[in-house]
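Have a look at these structures, which come just after this line.
Two complexes are shown next, each including chain A; its partner changes from chain B in the first to chain C in the second.
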Partner chain A sequence: MIRFLLRRLGLAVPTLLGVSLVIFVTIRIVPGDPVASLLGPTGSPEARVELTHKLGLDQPIPVQYVTWLGRVGQGDLGRSIAKQTDALPYVWEAFRNTITLSLFAAAVAIVGGIALGVIAATRRGKVASAISSGVSLFAVSAPQYSVGLILIVYLAAGRGWFPTGGMRNTTGADAGTVADLIRHLWLPGLSAALVPLGIIARMVRSSMLDALSADFVEALRSRGLPEWKIRWHAFHNTLPSVLTIAGLQVGYLLGGVIFVEVVFSWPGLGLVVFQSISQRDLPVIQAGVLVSALAFVVINLIVDTLHGLLDPRIRR
Partner chain B sequence: MTTLTTTSDADTDASPDSSPTDGDNTTTLRLRDLHTTFSSRGLTVHAVRGVDLDLHPGEITVLLGESGSGKSVTAKSIMRLYGANASFAGTVVLDGRGDLLAAGPKEMLSVRGPEIALIPQDPSAALDPLRRIGAQIVEVLRQHKAVPSRAAAKARALELLGQVGIPDPARVYRSFPHELSGGMRQRAVIAIAVSCDPRVLIADEPTTALDVTVQAQILALFRSLIDRMGSAVLLVTHDVGVAEEVGDRIGVMYAGRIVEYGPAAEVLGDPRHPYTRALLDSIPTPGVERGQLRSITGQPPVSGELPPGCAFAPRCPEAHDRCRAADPVLVDLPGRRLAACHLLTDDPDDTDTDTDTDSTAGPDSTAGPDSTGGPDSTATETSVETPAPAGEESAA
Partner chain C sequence: MTATQLVGDDTAPTPTEPTAADVIPAPGDGSPSEATPKPALKRRRLGWPARIAGGVCVTFLLAALLAPLIAPYDPLADDRSNRLQPFFSGGHLLGTDGQGRDVLSRVIWGARPSILTGLIPVFVAGIIGTLLGLVAGLGSHRLNTVIMRTLDVFYAFPAVLLAIAIAAALGSGTSNAIIALSVILIPPIARLAESEVARIRSAAFMEAARVSGAGWWSIALRHVLPNAAPAIVVYCTALVGLSIVYAAGLGFLGLGVAPPTAEWGLMVNDLRQFTFSSPGISLVPAVVILIASVAFNVFGDGLRDLLDVKGDGR
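== the complex of A and B ==
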């Protein structure tokens, strides 16, 4: 188990290096000039040259990359061009809000998805099964931004049951209370949970059906075990594949649920990256994407570990 | 020893001449006129069509037949291991428990395991891949309250693993199924099956998934366990070698029915039904040089497309008009044997009329006047004492 983990950790390093390279190159390839957006249309050519040099953008891209990577290795992700603050603390603050939102959404998606999936698989041919299959299909297909807007229109705006947005940071001078946080969590949390919930429910349903038709289920039945114990065995056997899917979904959520964060003006990573892209704030974009890549790698590591704990066959 | 009755007197005990009284009247499990039908979306498959069978303590009864002959379905019907799409008719009487086909689901839970246990076909698929072997044995012991405590369950599980010939019970107890070889896995599965001292053991092709040397070990283990436990065993196999090695009695199944039944040595040594003969003929004999392996031409009938008359008639080399018209019933033969074949009945017009049901009596009377069919069949019947196949075998 230890060796298994060490190997996984070793694999994470080249993954992150690859991610950083792709991010760096992509950002420089896509159109948009940070210097122009900083100086505005009135900037003189001399100022342009000076700023370009100051930002290191006159160097060849490989040199820029190595310089940047060296700084990243020391924990320096550069300064935000737009905010004139260090990129890392800025991104980190946003990422904490995203973690709050993601974990809430993930909890809803995993609990709800498993419940719907198990019902759909075990109440076959009954109304409950049709309803849960329908709900999960709707969840997968409903676009987050429109669901978010619909929730705002019917549950927040005008009625005031929930805030339409305006979540405050959880730390700092203007920090809101926990009750305030929870009030703000519901609508964006549910909007973000919907797609993963549907995906998990469908995965649970199909792997539960697979497990229930496996030969060992008949063997268990022949030993006089009651049906609920047999279903427990079957459910246990669905966990490895459900875990994989759930881990991927949590990874996506942590990457910043951009649509949801924008619709609900949730001060998370997705909103920050979205704003930085429109401002051509390269260091923040890089830092944001790198943090979400790191989150993805960490989630995968956790999933692999749990996978090994759940399924003895892949432990080695 | 009551063994098997003709379908016509399903409700009564065996007819006197088929059951010479040995004084051994113990029958653990008694099947009478068992029918199993599967239906889904308007499609009906009549997989078992009236099987009578008696299982006796300490005896291994083999159900032998091709795939699709209904042998596995017969075995699993006893435990009612089918979902809502299966329907049963007839009776399955477990000594002291009454008719299992009429028992409620709760009662079946207490029958499965302590009364009737199953050894499934594929040992690797019969174990939950995510649980340790020990936990899977303990689970069954605890379920049926076979042990007073968790510690006692563990002790009993280790003892069981030792009894099935596992050299290192403590290690296997902690192992996951994938860490064991096929033979060890099957031993573990057998340990689970015998854990609650079942009175009836049903083994569904228990050695098919194993290689030959392991097969022999498992069969030997099986025999010794049964000798010690005194369980009544129903062993389902398509492998004549297995039937020969461990079978006390053999029932040969074809198209959902038993077509021949009797003591193993006699059925295999002197088969009376053409299907049994064909089945034995299609087996290569080691050491005997032969050109081409003989096979039974054609396919077993698909249920629902059964031919009128004898189900084997379309593939039977000895079939005649009567076979295609009337379905033969099991008749008693000397030596406590039974077979369902028109060729064995001396005078077709006589024997059928008193025992047959209406459905077979109808076509029978039309076949009767056909005088060429009658004498012809009796002529073959006299030569049925197997010189023909035996001669062919040595010649080829």
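== the complex of A and C ==
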């Protein structure tokens, strides 16, 4: 197990380097001359040379990459142009709210997806199966912003059952309590959960069907086990693959809830990135992408480790 | 390499023209017995949900093509005295927006940039991804490793965020949105193409082609590509819905076309300020994108089931 872990960690290193390279490329493809835009139209040629040297832009690209990587390694992701603060603390603050929203959405998606998938697999050819398959297909197709707006119109704006946005009330009796937070979490959480819910449901359905047609199920049945016990055994066999997919989905949520955050004004990474787009605050966008990619790699690592714990076959 | 040589020794060296390539490997077992009817030849058809969805997709495409003919109003003509008219009022079937523009006309005209920014990346990524898959699948082991590991890096990003980062860096605009979406669609298509090539590589007719001395390009384009193409095309079809959703998402974030052009994502963002005053109208573009996404996905899924193609579930 230790060796398996070490090997997985070793594999994560080139991935991380690749990730950093891609982000470095997105920094370099920005059109326009950064020196000219910093100096303005009145900059003298001498000032140009000096600033180019100061920014390290006269170095060869690989040297620039290594220098940049060194700074990133020390947690220096550049400064926000709009906020005039370091990008990393600013992005990290918002990312914590994104984690809250993603975990809530993931919980909804996993519970709902497993329930839907098991129903679809065990009631084949019946109305319940058709409905749950249809619901999961609809769920994977539904764009977050559409679902979010529909929920706002029907459950929040007109009815007042839920808040239309934000994360906490600033006034009122329950301002800042956990109950208040959860009330704010429901609608964005549901909007974000829909796609992963559909994906998990499809995964559970197909691996449950695989498991139910396996030989061991026939053996259990011939021994006279009650049907629910057989299904429990089959379900048990789907867990490793479900875990992998569910883990991946948590990762996607961390980077993919941007539209939900914008629609619901959830103060997370996505909202920060959205605001940075209109201000062309590129260091913040890059820091945001880097942080969520890092989180994604870490989650994959955790998922792989859990998978290895659950299913000894893949440790080799 | 060694397998090729071994088989090459077994099969008598018959330097005939590579007609063997015409033998398409039967799905499932290679030799169906004469007595049983071949299930592979059973004519399967699209189910009714996929057919209805296909009809909806065609309707959207027609609306985009025929926009100047069927849109009742000019999508850009604003009329401040007619702001936020409700549905079915004064000849405005879907009401008017905050500047008095006819929402139905904007939805119809908006189909053009919205569907194009969704379709083109699938085409571009389909071509590049297929080429990468061919090279990786038919190249040396080392080349395969380099290409596939490089593509793996893109799987370490949440795809939406990577598209946003690229589009934001390049600056907003339709062509930049198309570039960003193409980049994030290449890895899954290349993965599928590579696995298809790997499947075909071990088919018997490939040995025949190699033995008969066909060159790399000839093998890739005449023997592998025709066999891999159906699966890749179907997989790409299934990606169109997703691509349209992402394209509208970029528009929603202000990374697509510039206002006042009608584009669905931009319309969603423009109209969402009216969720309290005109809830119905504020939902129109959001629901249109939802319908388009579901239709393209159901249709793509139907095709996928028909041809039994497996993607990686993204």
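Definition applied: the second predicted complex is superposed on the first by the 271 of 316 C-alpha atoms of A that agree within 3 Å, B and C clash if a C-alpha of one lies under 4 Å from a C-alpha of the other, contacts with A are read in each partner's own complex, and residues count from 1 in each chain.
The definition used in the following text is that contacts are C-beta pairs under 8 Å (C-beta built on N, C-alpha and C of every residue); 3 or more make two chains touch, one makes a residue touch a chain.
Nothing here was measured: the structure is a model prediction, and the numbers come from that model.
**Student:** After the overlay on chain A, what do you see for chain B versus chain C, clash or fit?
**Tutor:** Once both complexes are aligned on chain A, chain B and chain C fit side by side.
**Student:** Applying the touch criterion given at the start, work out whether A:I150 contacts chain B, chain C, both or neither, answering first, second, both or neither.
**Tutor:** second
**Student:** By the touch definition at the top of the document, which applies to A:R313: first (chain B), second (chain C), both, or neither?
**Tutor:** first
**Student:** Once chain A of both complexes is superposed, is A:I23 in touch with chain B (first), chain C (second), both, or neither?
**Tutor:** second
**Student:** Of the two partners chain B and chain C, which one touches more residues belonging to chain A?
**Tutor:** Tallying touched residues of chain A, the top partner is C.
**Student:** Does the superposition put A:S141 against chain B (first), chain C (second), both, or neither?
**Tutor:** Touch status of A:S141: second partner only.
**Student:** Should A:L101 be classified as contacting the first partner (chain B), the second (chain C), both, or neither?
**Tutor:** A:L101 contacts neither chain B nor chain C.
**Student:** Using the touch definition from the top, say if A:L190 reaches chain B (first), chain C (second), both or neither.
**Tutor:** neither
**Student:** Tell me the contact category for A:E218 with respect to chain B and chain C: first, second, both or neither.
**Tutor:** Only chain B; A:E218 stays clear of chain C.
**Student:** Between chain B and chain C, what opening angle does the Cα centre of chain A see in the overlaid model, nearest 10 degrees?
**Tutor:** The angle comes out at 70 degrees.
**Student:** Contact-wise, after the overlay, does A:L282 reach chain B, chain C, both or neither (first, second, both, neither)?
**Tutor:** Touch partner of A:L282: chain C, not chain B.
**Student:** Give me, in Å and rounded to a whole number, the least C-alpha distance separating chain B from chain C in the superposition.
**Tutor:** Superposed model gives a least chain B-chain C C-alpha distance of 7 Å.
**Student:** Can you name the residues of chain C that touch chain A in the complex?
**Tutor:** That would be residues 49, 149-150, 152-154, 156-162, 164-166, 168-172, 241, 245, 248-249, 252-255, 265, 268, 272, 275-276, 279, 282-283, 286-287, 289-290, 293-294, 297-298, 301, 313 of chain C.
**Student:** Would you mind writing out the residues of chain A in touch with chain C in their complex?
**Tutor:** 14-16, 18-19, 21-23, 26-27, 29-31, 134, 137-138, 140-143, 145-147, 149-150, 152-153, 157-158, 164, 199, 202-203, 245, 251-252, 254-256, 258-259, 262-263, 273-274, 276-278, 280, 282, 285-286, 288-289, 292-293, 296-297, 300
**Student:** Quick check: in the complex, which residue numbers of chain B touch chain A?
**Tutor:** The contact residues of chain B facing chain A are 79, 81, 108-114, 117-118, 120-122, 125-131, 139-140, 143-144, 176, 178-179, 189, 192-193.
**Student:** Which residues of chain A touch chain B once you look at their complex with the stated criterion?
**Tutor:** Against chain B, chain A makes touches at 214-216, 218-226, 229, 233, 236-237, 310-313.
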